[in-house]
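Scroll down for the structure; my scribbles are underneath it.
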Amino acid sequence: MIRLLSGDGPGGRLVSIAVLAIFLSLAFAPFVFEGTRALDTAARICVLIVLAASFDLLLGYAGIVSFAHTMFFGLGAYGVALSSLHMGRGFEALAAGTAAGAGAAAVLALVIGLFSLRVRAIFFAMITLAVASAVAVLVSQLSQITGGEDGLTYRIPRALTAAADHGTVPAFAIGGDLVLGGQRITGKIANYYLVFGGALLLFLLMLRLVNSPFGRVLQAIRENDYRAESIGYSVVRYRIAISVISAVIAALAGSLFAIWLRYVGPDTTLSFELMIDILLMVVIGGMGTLWGAVIGAVLLVLAQSYLRDVMGSAAERMADLPLLPQLLDPDRWLLWLGLLFVLSVYFFPSGIVGRLRGRR
Amino acid sequence: MLETRDLSVRFGGHLAVDAVSCRFRPGELTAIVGPNGAGKTTCFNLISGQVAPTSGRVLLEGADITRLSPAARTRRGIGRGFQQTNLFPGLGVAENIRLAVQASRRKGGALLRLAAADRTTARATTDILERVQMAHLSKRLAAELAHGDQRKLEVAMLMALEPNVYMFDEPTAGMSAEEAPVVLSLIDSLRRDGGKCVLLVEHKLDVIRALADRIIVLHNGRLVADGAPARVMEMDIVQDAYLGQGLANV
Amino acid sequence: EIRIAHVYGKTGPLEAYAAQSHTGLMMGLEYATGGTMTVNGETLVVIEKDTQLDPARGRALLEEAYGDDGAALAVGPVSSGVALAMLPVAEEYERLLIVEPAVADSITGTNWNRYVFRTGRNSSQDAIANAVALGAPGVKIATLAQDYAFGRDGVAAFREALVGTGAELVHEEYVPSDTTDFTAAAERIFTTMKDMEGDKKLFLIWAGAGNPMSKINAMEPDRFGVEIATGGNILAALAAYKELPGMEGATYYYHDIPDNPVNDWLVAEHQARFGTPPDFFTAGGMAAGIAVVEALRKAGSTDTEALIAAMEGMEWQTPKGTMRFRPEDHQALQSMYHFRIRVDPAVDWAIPELVRELGIDDLPIPLRN
Amino acid sequence: MLAGLLAMTVQAMPGEGETLAALLADPGLWPLRAPAALEAVLASWVTLTLAGLAMGMMVFLMASGLTLIFGLMDVINFGHGAFVSLGAFVGVSVLAALAGWMAAPSLPLNLAAVGAAVLAAMAVTGAAGYAFERVIVRPVYGAHLKQILVTVGGLIIAEQLIYVIWGPAEIYISRPEMLKGAMVFGGVALETYRLLAVAVGLAVFAVMGAVLRLTRIGLIVRAGVQDGEMVEALGYRLRRVFIGVFVTGSALAGLGGVLWALYQEVVTAHMGADLMVLVFVVVIIGGLGSVTGCFLGALMIGLVQNYTAFVEPKLALVSTIAVLVLVLMWRPTGMLARDRGRQS
Amino acid sequence: MPGDAAPLEPLPDATAGPVPAEASHSPDPGSDPRTEPLILTPDFTAPPPRPSLDPLDDRTRADFPAAGPIGAAAAVPHPAVPPAPRPAGPVLLSLEGVRTDIGRYHILGDVGFDVPTGAVTMLLGRNGVGKTTTLRTIMGLWRARSGEIRFAGNRIERWPTHRIARAGVGYVPESMAIFGDLTVAENVALGSVSKRVPTDRLDWLFSLFPPLATFWRAPAGNLSGGQKQMLALARALVQKRRLYLIDEPTKGLAPTVVDTVVAALRDLKLQGATVLMVEQNFAVARALGDRCVVMDDGRVTWSGVMADLAQDAALQTRLMGLSLGVDA
């Protein structure tokens, strides 16, 4: 277990409990929660955990700010979509698309890195912003290939859709009326476990990565690149390496997402809003610790889905007060999240995880 | 082992290092002295690769390393400490040293091994911590150390690199009279026991007298004297331009 | 109880449209049920779902609506991208999705499936209506459109429809959606058109903010005898049309134009409740609301097959007069309005005055599914 | 490089590619779609040039505040866009109230209305900048990473607050009566409104230059960014100076916002954020912290965009990025970046 | 625009005379350097011309008359034997029961001592005992958790830093805190309250630290370590202050310059200034100090007249762990 987690446990009792709870909920989501939305939310969380964690590799571990992370995510997703459209429905298409997306992401990250990681870090932030916006435009321009603004809808192997039936879970009763199992395993559930397993694997891989000697060097570079260079680490190479790795992982996350969703479009995979969401997840959860990405992703997805309901009822209760109802309008949920974000940047720069760990 | 040939560098109109040629041998501790701004640190920068020379070459064991990056030179065995303290401020003291140990063993590229599981690196780290008498500080962040301790950590990181050529830039500046000897005896042992080539920039004459096998004097970027300590110290130029009344000659 | 899901982009850049659409839908249900909100003895309940303009979310919400909330049918969304992502869900769950007001042709075109109906216009309808309104023998027309699928489809439909009118399309100019400076595009168009003879028109197809109309007008196209023409817009945007009195084009809706009891009710009620006349998307939402009620009544149940049978070819009354679901692609055929701009200083926006109503039969909308 | 890649992809597309390839191959074809006299061609180019310069000037107005804050305080304010939007909304509200002055065919009245809107916008954005500095930016001076994060957070909040106050709808506004239309000399048309933008831009440029040259503020702020403690230890009230600069920068964003709103004739809460990519590009190619560089960069972008859009609209999309790439290949720190000292 | 003007490059070093032929060839790498010191021609530093202090003044340095020779500073007599301790004047600064925490660490626990007017008080102690922290606490850069700090009759422990500075306290930090992106001229200008500094003050600084004149328009980040230290001192000395807090000024300075600094601080004392200084070099401390405060582990362990400490090897060993040598 310890080895599996690369010796880097969540740390702190509360964090451990939270992470364990998240893991269990995700692992048994199809059987614990009712309804399609819950399953969809769970799958989304799996993908976003990987995406946010891969962004944290850059932001938290290497101190590089990139606004092009969703671009790589998109590459992975479009890879699967295009291969499924052109090669026809099938697992080969999924595999080929995934590989192609990851490869394209690696190449693009390498080019951007070679070009801009040599200059100051701020430059990298702005240049990635510019490149990402150019790619988004390109995707909408090349609508014959990419489906433009409207995106692409495609079919995945039948074994992964709700129509397929993979048998039922053996049911057994534990005392009295309590019966576990018995559910039908549809292709959708199989699909979910594909996403879950993929995400878990990638996450463990990243955990390993940041606790490797390589990961330590990244932190050193973040702290003082000049010094890192002078003790014999080639800073540019490390920076480029991590940006390529993080791009590839983002692309893989994109592929998982595409397999789950059976739709890709610029809004779901390339948008600046998604980029901001990832940023929020990483920062609120805690930069520089992958567990932060886990907690951040879960919180943000839950907030997006449920914060609004809470706010709606609060707004109703304050209906007679001036301004407050507007501020609490469910449509203004982003306002509160932004506030939370800013607060977390200063009051717990190490995010929720850092905060909870500190109280150990 | 290390040699510079007509090394020069010009910053704008200012010739900071002017055709400096000299050789450094293993087992020898060379002190480099000279007034402020004479070009000592810049010479170091040229040798370790932080600054590219306008002309001239740097040779290590006969090979030309003038075009290599600082990192590449460090990997070939040139270790360099800084005059202005230059650490990883947000990391712990032990981690600072560990990174240097890891660098010297070229383990930074390992993506999937576990850093914590690397016993030999860990052992080397504790070893160095003990040698510089900083074991009690190992968990503190480098940024939290007092100035003198930061200087010591700087030296410790250099030790951890285990280079063949050690370059110390005023390692004891700001160290108290009690602490400095610890560091100095370490430096001394490098040369005597390790047979390493040591370059030392220092303004404290007692240190130079005690340690140096040879002194090089830089003045306005030029090498103006090179020889045994006693002889060099007597020279007029050194007396007038550098030593002054000698308040520092404790 | 019958549950109807309204899945639409409540928050995000299209918030304003979304709000109109929702108001319209609710008023449509209210009007069609005579204020009782019951059909076939069952209460209508509207569940709102916010896609935040995210297709993935839209898709998940629609699944939730059908799967968990038991919605009999769904209405929405605002954005075409979201709509396209949602279409397969309707097919998978075998429930109806009434698209309103997303306009992409492919919704009732290449990506259509039999569970999809659309009460809103599609972009061809817009383009063709404009072509019919503007086209006449001897007229030379240039187009300026956004360089993405919507713009190119629009111009393509416009070009096709123009063929029958005797007008000639002499230049197509496409610019990025985020263009802010139209000097270059205008110069290119002027360069092409200035030495031509006859009536010269520049037709703008533009969605969203950054409408180039007044910027091009500021470059005084009349120097070269070029007149600007464009389709209708929401009231707020009509303010900018004040600079172009006399401009012609075709619009989807303006509250003063249609003359029927449904519209009279809508205008009066909207004015009374909100202090403003109903707008573009209010009318669309209402059309969808009435369609839902009519269909449920006609089918007598919420069974999807019964509903489809009831709706194919169904005609019903809307603020825009009679609409008809074409059986082949489930697109609602409807009137469009050829207008001319009049400026009244007392009104905040420019008034599109009816020149001619372009009825269902005047508009040859191609089948593309 | 990027442009080249793009050109290749575009060429690969059916239809489009042919005309494009032909155009690229034969520059003689460029302006000559229809037989036209040389003067007419010339007139087009003059129009494009004047318009491009004026557009650059407007971009400069929006970028100037960012450069000022960036150059002096080393704070990258990703929230700058929110101030542009805020200024635009305030300005538009004032203009709506002064509708009478706007509609009157009198230049002084028109200008008075615009002036009032600008003042109000600057006052409000200045005040917002004050709050932003105190609450959001102050704790993170010197920490770039945190600045980026915190100001992005500020951007989200500010945009949402605009929604709360002005509602979700975009607001349309017309230019004042006398600033509509264009001035036509021969075949050259120059929008009247752009003249106003040019005048304001030049004035701002001159005033900024004078203040920075004649006062010590620039010095104190630049020193304060490197080591705020030491500046305080030398007896300066650094916080006050910082606030002053930040407020000024934000007020300039407000000014840019109003002028941009009147140019676009519509305001949306995210208009500022949409402009940020352009503004960043201008600031980068100008060189971090250089007001003159920002000025030149803005003019350059204005011209390049117009020229490419005229010659080949497909390329206009990436022209900005291409300029950025080229400038950075030539000078990795931008055209006029200040020489920074060594770090060791 | 000043921000945009490229800093003037330092002019070709006017101080370097024509290089005699034998100076330009380097020592024969073959010969053993230990046998014969190779003596090359020394070139004495001629005084650089005095540039304008105004960092915004673009005139070239050639416009200014030459200043006095470098010997000017050395001309100030400074006997090798310290002067007899002067009677301590009225107390200018006093600390009482000062405790300072940094984060969760307790660094100072009960520090108290007096600094008399017109004298140099030395703060001594091993590394990490809290000397720097004491100076920073006085300056208001760390906040004392409890205790009193009085300066010229005012309680200043709650004052903001800039107010303390304006009350007449100059500070030379241990890290030097040079503004690396600013030119030397701009750094010095920031040290002065008025925009124009009296030229005699400037002349004095240039004669103390000639490199400052040479690199007047260069970015200060490019200075050598010792030159930065000189700049840090100059930035504090350019303005007359009542009290100077100086943290390890001689570290990294060449022996001649150390002498110069000692002379300069004596000068300052003659002008009526008060100095509180941290110094590791006991010879310097002994030569300059009138009084002495010794710290250990965050508290004061001894304070008194410098001469008492200088003459008592046993006391030195007790206080600082080893004998630093006694005066004859």
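For this structure, a couple of remarks:
For clarity, chains are labelled A, B, C, D and E in written order, and residue numbers in each chain start from 1.
Just so we're on the same page, contacts are C-beta pairs under 8 Å (C-beta built on N, C-alpha and C of every residue); 3 or more make two chains touch, one makes a residue touch a chain.
As the structure is a prediction and not an experimental result, all values here were calculated from the model.
Shared contact partners of chain C and chain E, listed by label, are D. The interface with the greater number of C-beta contacts, when C-D is set against A-C, is C-D. Chain D has the C-alpha centroid lying closest to the overall centroid of all protein C-alpha atoms shown.
Centroid analysis (C-alpha atoms only) places C farthest from chain B.
Taking the mean Cα position of each chain as its centre, C sits at the greatest distance from chain E. Spacing of chain A relative to chain E, judged by their CA centroids, is 54 angstrom. Computed from the mean C-alpha positions, the centre of chain B lies at a distance of 49 Å from the centre of chain D. Averaging Cα coordinates per chain places chain B and chain E 25 Å apart.
Centroid to centroid, with C-alpha atoms defining each point, chain B and chain C lie 75 Å apart. In chain D, the residues that reach two or more other chains under the touch definition are 163, 168, 317, 343-344.
Taken residue by residue, chain B touches two or more other chains at 41, 50, 82-84, 86, whereas all remaining positions touch fewer. Among the residues of chain E, those touching two or more other chains are numbered 222. Against chain A, the residues of chain C that register as touching in their complex are 10-11, 15, 50, 52-56, 59-61, 63-64, 67-68, 79-82, 84-85, 87-88, 92, 104, 106, 111, 147-150, 152, 176-178. Across the interface of their complex, chain D is touched by residues 59, 63, 65, 115-116, 118-123, 125-127, 129-131, 133-134, 137-138, 141-142, 144, 226, 276, 279, 283, 323, 326-327, 329, 331-332, 334-335, 337-339, 341-342, 345-346, 349 of chain A. Of all the residues in chain D, the ones that touch chain E in their complex are 71-72, 208-209, 212-213, 216, 218-220, 222-223, 226-227, 229-238, 289-293, 336, 338-343.
Of all residues in chain C, only 13, 15-16, 19, 147, 173-176, 178-181, 183-185, 187-188, 190-192, 194-195, 209-211, 214-215, 218-220, 223, 236-237, 239-240, 242-243, 345 touch chain D in the complex they form.
Here chain E touches chain B in the complex through residues 9-13, 15-16, 23-24, 26-27, 29, 33-45, 74, 78, 80, 102-103, 105, 125-129, 132, 174-175, 211, 215, 218, 222-227, 229-230, 248, 250-260, 262, 280-284, 287, 320-322, 324-325, going by the rule given at the top.
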